[in-house]
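Next up, some structures in structure tokens.
Shared chain: chain A. Partners: chain B in the first complex, chain C in the second.
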Partner chain A sequence: MVVYSLYILNKAAGLIYQRDFNDGLQKLSSNDYLVLSGTFHAVHAIASRISPVPSSSGIEVLETDTFRLQCFQTLTGTKFLLISDPRQQSSDTILRRIYELYADYVIKNPFYQIEMPVRCELFDRHLAAYIKAIS
Partner chain B sequence: MTIYSFWIFDRHCECIYHKDFKRPQRVLRPPTLASTTGDTKENAQQQQKRVVSSGGPPKGTGPLTVDDEAKLVFGVVFSLRNMVTKLAGDRESFFAFKTSKYKLHFFETQTNLRFVMVTDVRVEGIRPILEQIYAGLYVEYVVKNPLSPPEHPGGEGVNNELFSLGLDRFLTPLEIFE
Partner chain C sequence: MYPDPHAIYLNLSCLDFLLMELIPMSERVVEDGRIGEEERKGAVFKHVEGLGYRVGQGLAERFSQDRPRFTDVLDVMKFVCKDLWQLVFRKQIDNLKTNHRGVYVLTDSSFRLLMRMSTDVGGLDTITRAQPYLWFPCGVIRGALANLGVQATVVAEITGMPVAVFHVQTMRQDN
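What follows is the complex of A and B.
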């Protein structure tokens, strides 16, 4: 199982966390990362609007030949994007586990300001350990 | 399993073909202001107003018109394709995305024709079907038709009976068309 990268977007489309775990995708500049998260946020909203049946969610999975992008949106509007190998089928459970880590080590950190970029060492460490364990 | 709708966009970002199959919500195009009487100045003003209002983004939260939906569908696939090329290199493109209620399949030819099919979430791997629509139907009936224009400026579209019939005949017996 190869996990390429993780993005966390706040509810205003701001990129608050980005980490690459494995090579395989193109290297982007930090500006490109911001553009990417902004684009995804917009497309996610439009995707629920063009649904042929009422009350659809936004994009959950994007499938391409080289990677698979899974999106998990929390009830508060924070989005977790996981880019992994196209054969990876259990991205959803991985994202839920990452959300737990985020809740434990970012949200419960008294020095973390909500909606601001994540700079929490404990979160970094636990996330890296978890990704290493599953790959 | 169901097919909800099918779209073709040309390389000028114009929707040149659209067909709805089974979809519960759809409104027709909004009534146009086609006034034949009245002085020309007022007429021109109305025309101008219409152009301005139809060029803007779709408003409200009700069901979308076909034109507005075409714009949104194209916007989504265009942005996603750009995103994917940025991440994975120039020759890459995505083939599907899924939400909780529907799945959108995408196929782009070398000439930047884009085929989009919106289906149920359970439909898997219909890229061969889209390729067949392109190679077997679009090329045969639209490209090889001497009366069909090579480009479709102004959203004139593929107005081709053989293509429409062929598409129906091709899709209806498929397993995904239930």
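What follows is the complex of A and C.
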């Protein structure tokens, strides 16, 4: 049950939150993270367009030998990307719980401006505690 | 607690968001380029506390309906701490202190309005910025007390997130 990192993208494909939970990961520059998120958003959009089945919801899971990327897109257009171990089960539940934490400590925080980078101490704290608890 | 057969249920998050937006809205309403920072803060305080006052009055009216008469000021304070707080914030006040000379200190160690607040700087900055969000509950307390016959002034302070302390100074002597 190993979660590597979490990315949160806003409606405009901007990266509003990025957090690594594993020390063994390669450190990228903040610019690289922005490029990654922009690329994913674009690929996600392309995938939902070229899908043979109409009204596709876009990329949900991306699996490789070394990691598994799960994308949870909310009805408001915010994307939660969870990068974890390939054998990781229940990424779904984890993402839902993270969405709950996001709704509680980011959206209900009067000092947070919607669509802006997430800098909320309580969200960081609760997220860290949750990820620690499930690892 | 007050079973009302005609009750309609509403999501609690709506109240959270409404109270959150109350402060920026009041700041916009009060906005006047000519007045200074201190005066503006005072005007927002008056506006928000006034709104709370009216709500407090109404709540006291509505929810003291089936109660027996209040014996003294302490009884009224207990009503505020237990019943009123339970209604608005879904919990009771954690601590009530008095000096038996008309001053009461109400402590809520996990105040609902403060539970979700954090800034990126943290610490003192959060406390200063969260201060306006206590003005509405101050008004609620003052309005409820006033409607139940107790004139008082109410101020609030945050000792540390999310602990909110309300200082109630009643006008009458409590004997």
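Definition applied: the second predicted complex is superposed on the first by the 132 of 135 C-alpha atoms of A that agree within 3 Å, B and C clash if a C-alpha of one lies under 4 Å from a C-alpha of the other, contacts with A are read in each partner's own complex, and residues count from 1 in each chain.
Everything that follows uses one rule, which is that contacts are C-beta pairs under 8 Å (C-beta built on N, C-alpha and C of every residue); 3 or more make two chains touch, one makes a residue touch a chain.
Model, not experiment: these values are computed from the prediction.
Because the two structures share chain A, they can be overlaid on it, and in that overlay chain B and chain C fit beside each other without clashing.
Contacts of A:65 after superposition on the shared chain: chain B is touched, whereas chain C is not.
Look at A:25: by the touch rule set out above, it reaches chain B but stays clear of chain C. Once the two complexes are overlaid on the shared chain, A:76 sits clear of chain B and of chain C alike. With the two structures brought together on chain A, the opening angle seen from the C-alpha centre of chain A toward chain B and chain C is 150°, to the nearest 10.
When both complexes are overlaid on chain A, the residue A:46 reaches chain B alone and has no touch with chain C. In the superposed pair of complexes, A:123 makes contact with chain C only, with no contact to chain B. Touched residues of chain A, counted separately for chain B and chain C, are more numerous for B.
Once the two complexes are laid over each other on the shared chain, residue contacts for A:105 go to chain C alone; chain B is not touched.
In the superposition on chain A, contact of A:90 is made with neither chain B nor chain C. When the two structures are aligned on their common chain, the gap between the nearest CA atoms of chain B and chain C comes to 28 Å.
No residue of chain A touches both chain B in one complex and chain C in the other.
Touching chain B in their complex are the following residues of chain A: 25-26, 28, 32, 36, 39-40, 42-43, 46-67, 83.
Residues 13, 16-17, 20, 23-24, 116-120, 122, 126, 129, 133 of chain C touch chain A in their complex. Across the complex, chain A is touched by residues 4-5, 23-25, 64, 69, 72-73, 75-76, 79-80, 82-84, 86-89, 92-102, 104, 118 of chain B.
Those residues of chain A whose C-beta lies close enough to touch chain C in the complex are 104-105, 108-111, 119-123.
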